[in-house]
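Would you mind keeping the following structure in view while I ask a few things?
Should a chain be cited, it is by its letter among A, B and C, assigned in written order, with residues numbered from 1 in that chain.
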């Protein structure tokens, strides 16, 4: 029996897709929400460090699995190798209802006004596709606010003088600092910086019928044992399902977007939980599969009308893959700075986002999430033993005495950093896999070095007796903060979608995830992806109510 | 034709009788021979058999706790049959564990020998069933049921909390997924007791010199531990972390009694380990430093009449401590017996006559 | 140890057999009635049971190896390597923490893709030791073992067994897997008795209460 035609298909139940599904189904559209994974529970892997979303040596806690998925990475010399989801180079997010929002660190950043007009702020940069967004921060502000209140954010909106203006405060009070954050807070004050508690998509008080955070040390990379972390799986997706208009189809892998004789999108084909190929038709299709998988799906949907893949007339789909160059420093303190108060990260300074000489864009600096014992075995000052007796005593003596200040450095968009589909390699279902190539822009490393120096000084001021830098900015981009592959813009020649996420050349196909980001901000992008979900979903819903059927 | 039927009629009973005899003798043999020829010939449970042989339960035959293939009807034979099937299929089984159902069958057998402890457990707070935990409307409407409930209640349940109760919201109405779970004990014996842990059976002491009986006793007890449902392993109390507890910035003195480490795994403070928060009942104030066991009987958790074991009938202040304004005598009292401090009643100053050594001495003498 | 158990069990059996020999088929049938078995079910089960028992007799083999993938010799080498990577001090080292058990368990699971690398690496180490010292790696003195691993780490191994950069690659693999076995969750076969968590003074299981309202 075939599937019943619906108004809208949403591909991917993550930060973007979950919200779009809710916006559409609440507005009365019939929706099928596709998710390649299933429902995740804390019990799946609980506090297992070796199988989490942070350390994946024994596999990804919340998907995808190593048996059915793979990708190809292209080295700088042109040679290629295959990566599995549990390998670092795979650039994984997750595969489950809620996707990364089940296990993320849950920082809830709004981008700054400058982030929406980088080209105007910094001028064109050689070798970069730097551009302004097709709208301003003010246009996205209502969506940010909606995300903060519907998903739930704890923070203090008055303490960061560099934050873009907002209309409403956060719905929950901020989290208290742990010992390490207190030291860094005081040090930042002494240095004349402006420290403040990191806004978090996590309940500091009971909110949305869910309890307050119990401050587990395993938080970033893990699901929450008490459901205090706010993701789309425990907020908007249940609302969508309760509306009666949204069917969540789990363990279903969408393989292709279907195009009819008129060049219109008619639906998708997918493999259901029993790996049978199925078709689902709809009036509208929204892709929210992450920057790598959204691009892959578009590129894999080749037809008479779109021989190079949908929206790829100008070879822009999959281009400008960005993530964040994580850069910062470590410091060893005389006394213990670890007080087992999770998740670790709690203090931030936004002093190095924009308008710092030598840094384009920059990034926020925070104390880092708790490093579990195995992760800590790789954290050593330069020259220190990597194994043996000395390594073991370092582990014992310094585990609770090391702090890290680190931040997501805003990468400069690079056209050659890209997602393609591999001509030969296919996954379990026979779908051509993602092929990642290119590197970060060469200028990134300079900014990273400057940021790391600042982080090191901050740690020294806080009392670190030994410090060393960890400088990011080299190599392949992407990672969990992947973005940029279906850039929004007003010019169809230099972008993939319009300012509402609609593919320029198709009236009823939308994108709603990090792929849309023109640049990725100096912040973790989850809240921005959520805001884009509200923007795209809200636009479709309001047009629909006006009678627009996107034909 | 008729002959054929006759022959068949004759053959069937013969086959039946033969197989009954064959099976019967096998069954008898199986249940009465040594475990290393039977149970332990399955390498999967060899480890359990070995550990049992060194435990204080070593004098018991496997079947006395675990039953036989027929002791629990079809269910038993199916489950033991599956073990054989898995074994023959060479299915790798890591760290074989009893299912919750099997474990509860064992629990009933505990009662056969430890009836006194069993009765005490039944009378105390730890014998509650799933229905008492998961259908408590006050709790469920105050706080959403979450995955970690099973850490302390229903730690042997195979599945997650969504398989126990629905819906997982604070609106209700709640019902158990399977009605028969209503009466499943949420904290069975094995929550704290390691049945196969090294130990010796209780024996009569050497009476030749009665004064040495005390010295023949060993301690602390390592046969207790916390069952971690995620690791699927018991942590003996000797390996459990000691509680670091704070009252503001002051470190609270916590008893060294290792038994208490088991208690605090569930009766735990918040993540800042502040005294009196969350489920913490660790003594602070006048009782600071005492172990839970100083007042609570371990199986019934009963603390009634515990005062008397330390305090004379009338305290040094000439007051009957059991009648003071504490939660011991009055559930509504603001002075929780676990945390009550001198200053809670005495406005921060010493009571009259306190410190008068001669008077105290005289009371004790009388 | 095993002998002790066996003796112990034999003793138990002696005392038991006196009482239980009296069990008759009749009493078994009686038991069946109590278990509410239908005749048909009983027959099916009898046949199944008897068949099962016969099959079980196959199991009277000598005890199987405690390893899933490794040989006894390979495990000895991995023990020595793990002990070098994480040596015993006041706290147990890699060997006693069950690192080899961790690796063995993973090689039968997520690390199945490293089986060949392990075989190749183990061979390379032992061949080199044989050629150079006429001994197996685990028989070398401690300092000699350390020097051997240091030159592997530095990529200074010679000979066709090591190929292009295989010395460094295999050393990194062994080092990382040993660290995982020692510092990872005990459920994967290593970190016996939470040794690393206790060494690092990390509460495990974590002590955090769950009650957030006054009852």
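Assume a contact is a pair of C-beta atoms (placed from the backbone, for glycine too) under 8 Å apart; a residue touches a chain by one contact, two chains touch by 3 or more.
Treat the numbers as computed from the prediction; the structure is a model and nothing was measured.
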| item | value |
| --- | --- |
| Overall pattern in which the protein chains touch one another (line/ring/star/complete/other) | complete |
| Dominant chain pairing [most C-beta pairs in contact] | B-C |
| CA centroid of chain B to CA centroid of chain C, Å | 29 |
| Chain centre separation in whole Å, for chain C relative to chain A (CA means) | 39 |
| Distance from the mean Cα position of chain B to that of chain A, given in whole angstrom | 44 |
| Chain A: positions in contact with at least two other chains | 47-48, 206, 211, 214-216, 226, 340 |
| Residue numbers of chain B (touch at least two other chains) | 143, 148, 151, 230, 270-271 |
| Numbers and ranges of chain C residues touching at least 2 other chains | 185, 187, 203, 208-210, 212 |
| Chain B - residues contacting chain A, complex | 143-144, 146-148, 150-151, 159-160, 162, 168-171, 230, 270-272 |
| Interfacial residue positions of chain A with respect to chain B in the complex | 41-43, 46-48, 206, 209-211, 214-216, 223, 225-227, 339-342 |
| Contact set on chain A toward chain C in their complex | 47-50, 57-59, 66, 86, 206, 211-212, 214-217, 226, 340, 373-374, 376-377, 386-389, 391-393, 395-396, 399-400 |
| Touch list for chain C against partner chain A, complex | 84-87, 89, 91, 93, 106, 109-111, 146, 149, 153, 175-176, 178-180, 183-185, 187-188, 196-197, 199-203, 206, 208-210, 212 |
| Of all residues in chain C, those that touch chain B in their complex | 1-2, 4-6, 8-10, 12-13, 16-17, 20-21, 23, 25, 28-29, 31-32, 35-37, 41, 43, 45-50, 52-53, 55-56, 59-60, 63-64, 68, 105, 108, 185-187, 189, 193-194, 198, 203-205, 207-213, 215 |
